[in-house]
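Dropping the structures in below, format is structure tokens.
Shared chain: subunit A. Partners: subunit B in the first complex, subunit C in the second.
Entry: the complex of A and B
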């Protein structure tokens, strides 16, 4: 569905995305994670052609829809005008689906976009994007600012897309939701891919190691007498205490680790 | 997208349309009061009004409908607003979408070419329709009042108003593409208009004075062709920048 090879993008001297490679398959939910400034949004924008990559290749077969990080719709239009606009410019837009989604979230189509709260604006935008019948949904922080019920609803909607053979490429800061819906993940830091793979494989390939001496790995915590490292399961040294690592701990250690040793 | 663009520019277009029509009605009504200017000339300090071109001969000429409309409508009120009208129509076209981060909504669904052509064309058509309507407005009024107006002169003003206006539309549109906020293209275009007009006072640089070109209504071939080529070049450059720009 989507293949990205050696993607590079710089803004002046600042490297935003450096040699990023990944693939999104059919009926798959692929999540890109990383701290602010990791290059997630730039990667998505390069994939969609909103930003011109400095190098690399993006191959996208099929149609796509996009939900940007900032859920900005036209503030002077009413929600029903936005539906009309999507009907004219959207890709295979299903009006009834959008209307029923808006009804489900209790959004009055007569309201002006400027009268919507942040969460309602996100739900409106999502209703419009998910009513486009495309092959790949590219969603940048789709659940940011939503209440838990709405978030759960959206995640269910994303999961059900894959049952229809659709794919989802999305970014998120919320690890628990990624754990809930993503098939594969990619963790970025400072523009580079640090970890990539099936979520279960990633979780199985790392362990927490408690040691009194310095080790090779991502340092997660430093207590008075001990150092806690995230270490690849196949590189655990002898004579140390080993624990299972949660996804949160893997992410935190990789992103915040004092020493990055892959 | 056309409908959205037309909705976007509706307010600006209507404001200018009402402003122009209101000014024209006011001008027609004021024609009958030009005689009182002669009295003003008599009471004003000697030489003061003449310094501003208000000679007795000029005031007498104002009684002639053709002279009055030519100098006061095309040569003053409408003419001086045309570049400003063009700038106001063009400055937010792309910059507002970038500033409000709504450009992504369009570009994720439409080709850059479609977005560019719609953004460039819709307001340009609105600008041209209003300009043509306002230039031609005196013709039916003239017929209604059983006055006479030289149609050839009207035709010349039609050319200068459109060519001058489109030039400033293209210049401002380019700045709108280059900017990420709305204020910058407006300020830069207005500053450029002021700057070129001032520089145009110098005889050798008189071609820069677009106000003079628009308000004089003498579309000499070199200037008209020059402005048209510059407009077309800026439009092509704008498209090239828009096609490559990061959003």
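Entry: the complex of A and C
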């Protein structure tokens, strides 16, 4: 569905995306994670052709729809006017689907965009984007500002897209949410890919070890007399206490570790 | 069909699905020859992705727990109980290791086993 090879993009002397490779398959939910400024949004924009990459290749087969990071709809329009607008300019836009989605989220179509809360704005924009009948949904922070119930509804909506053979590429800050919905993940840091793979495989491939001496691995934390490292499950040294690692711990240890190196 | 998935567990989700199905077979709620829900329907029931259920089913087929009926779906295979209960025994061993480290005596552990297995009015 989507193949990205050796993607590079700089803004002036600042390297935003550095040799990023990944693939999104059919019926797959792919999440890009990383701290602020890691290059997630730039990666999405290069994929969509909104930014011209300095190098690399993006191959996208099929149609796509995009939810930008800034959920800026026209503030002076009413929600129903936005629906009309999408009907005119959207790709293969299914009006019924948008209307029923807005209804489900309890958004009054007569409200002006400027009268919507952050969460409502996200839900309105999402209702419009997901009502476009396309092959790939590229969503930048689709659960931004949502309460837990709305978040859960949105995750269900993303998952049900995959039942129709559609794919989702999205970015998020919220690890617990990614754990619920992503098939594959990619963690970025300073423009580079640090970890990628099926989420289940990533979880299974790391362990925490508690050690009194320094080891090779990503240091998660330091207590008074112990060091807690994240190590690859197939490279656990002798004579240490081994514990399961949560996804939060994997993320934290790896992202922090890279920071220490830099 | 439903069992609880812990999305934040370090145990992969497909592994949790495999264990959930094995438990249903061991407890007799799924019988030999019985059809499993379709991949999509189980994904919806559990709130997990299609690919994750597909992976669990695929691995259960490789382990001989399920069989594919072409064009129909997945059925429970004729499988020995011993082949299903390994994951439970491993979990028990882990707890026992913790007990041992914590200095709980073997006698006490055997007593507890008696309490659980003897059940109501046993012993």
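Going forward, the second predicted complex is superposed on the first by the 257 of 262 C-alpha atoms of A that agree within 3 Å, B and C clash if a C-alpha of one lies under 4 Å from a C-alpha of the other, contacts with A are read in each partner's own complex, and residues count from 1 in each chain.
Everything that follows uses one rule, which is that a contact is a pair of C-beta atoms (placed from the backbone, for glycine too) under 8 Å apart; a residue touches a chain by one contact, two chains touch by 3 or more.
What you see is a predicted model; the values in this text were computed from it and never measured.
Colleague: Once subunit A from each complex is brought into register, does subunit C clash with subunit B or fit beside it?
Modeller: Superposition result for subunit B and subunit C: fit.
Colleague: Just to be sure I read the superposition right, which of the two partners does A:89 touch: subunit B = first, subunit C = second, or both, or neither?
Modeller: A:89 sits against subunit B, while subunit C stays out of touch.
Colleague: Of the two partner chains, subunit B (first) and subunit C (second), which one does A:74 touch, if any: first, second, both, or neither?
Modeller: In the superposition, A:74 touches subunit B alone.
Colleague: In the combined three-chain arrangement, what's the angle at subunit A toward subunit B and subunit C (CA centres, steps of 10°)?
Modeller: 160
Colleague: In the superposed arrangement, which partner chain does A:66 touch: subunit B (first), subunit C (second), both, or neither?
Modeller: first
Colleague: Look at A:32 in the shared chain and tell me whether it touches subunit B only, subunit C only, both, or neither; answer first, second, both or neither.
Modeller: The answer is neither, since A:32 touches no partner chain.
Colleague: Quick check for you: in the superposed arrangement, does A:179 touch first (subunit B), second (subunit C), both or neither?
Modeller: second
Colleague: Please work out whether A:162 is in contact with subunit B alone, subunit C alone, both, or neither, and reply first, second, both or neither.
Modeller: The answer is second: A:162 touches subunit C but not subunit B.
Colleague: Report for A:24: first if it touches subunit B alone, second if subunit C alone, otherwise both or neither.
Modeller: neither
Colleague: When the two structures are overlaid on chain A, which partner does A:48 contact: first (subunit B), second (subunit C), both, or neither?
Modeller: first
Colleague: Which value in Å is the smallest Cα separation between subunit B and subunit C when the structures are fitted on chain A?
Modeller: The answer is 27 Å, the least C-alpha separation in the overlay.
Colleague: Show me the subunit A residues, by the header's touch rule, that subunit B contacts in one structure and subunit C contacts in the other.
Modeller: none
Colleague: Which of the residues in subunit A end up touching subunit C in this complex?
Modeller: Its residues touching subunit C are 27-29, 156, 159, 162-163, 176, 179-181, 183, 199-201, 203-204, 244-248.
Colleague: Across the complex, what residues on subunit C touch subunit A?
Modeller: So the residues of subunit C in touch with subunit A come to 7-15, 40, 43-44, 47, 49-52, 55.
Colleague: If you look only at subunit A, which of its residues touch subunit B in the complex?
Modeller: 45, 48-52, 64-66, 68, 70, 72-75, 77, 84-85, 88-91
Colleague: Can you list the residues on subunit B that touch subunit A in the complex?
Modeller: It is residues 1, 3-4, 7, 100-102, 104-110, 244, 246-247 of subunit B that touch subunit A.
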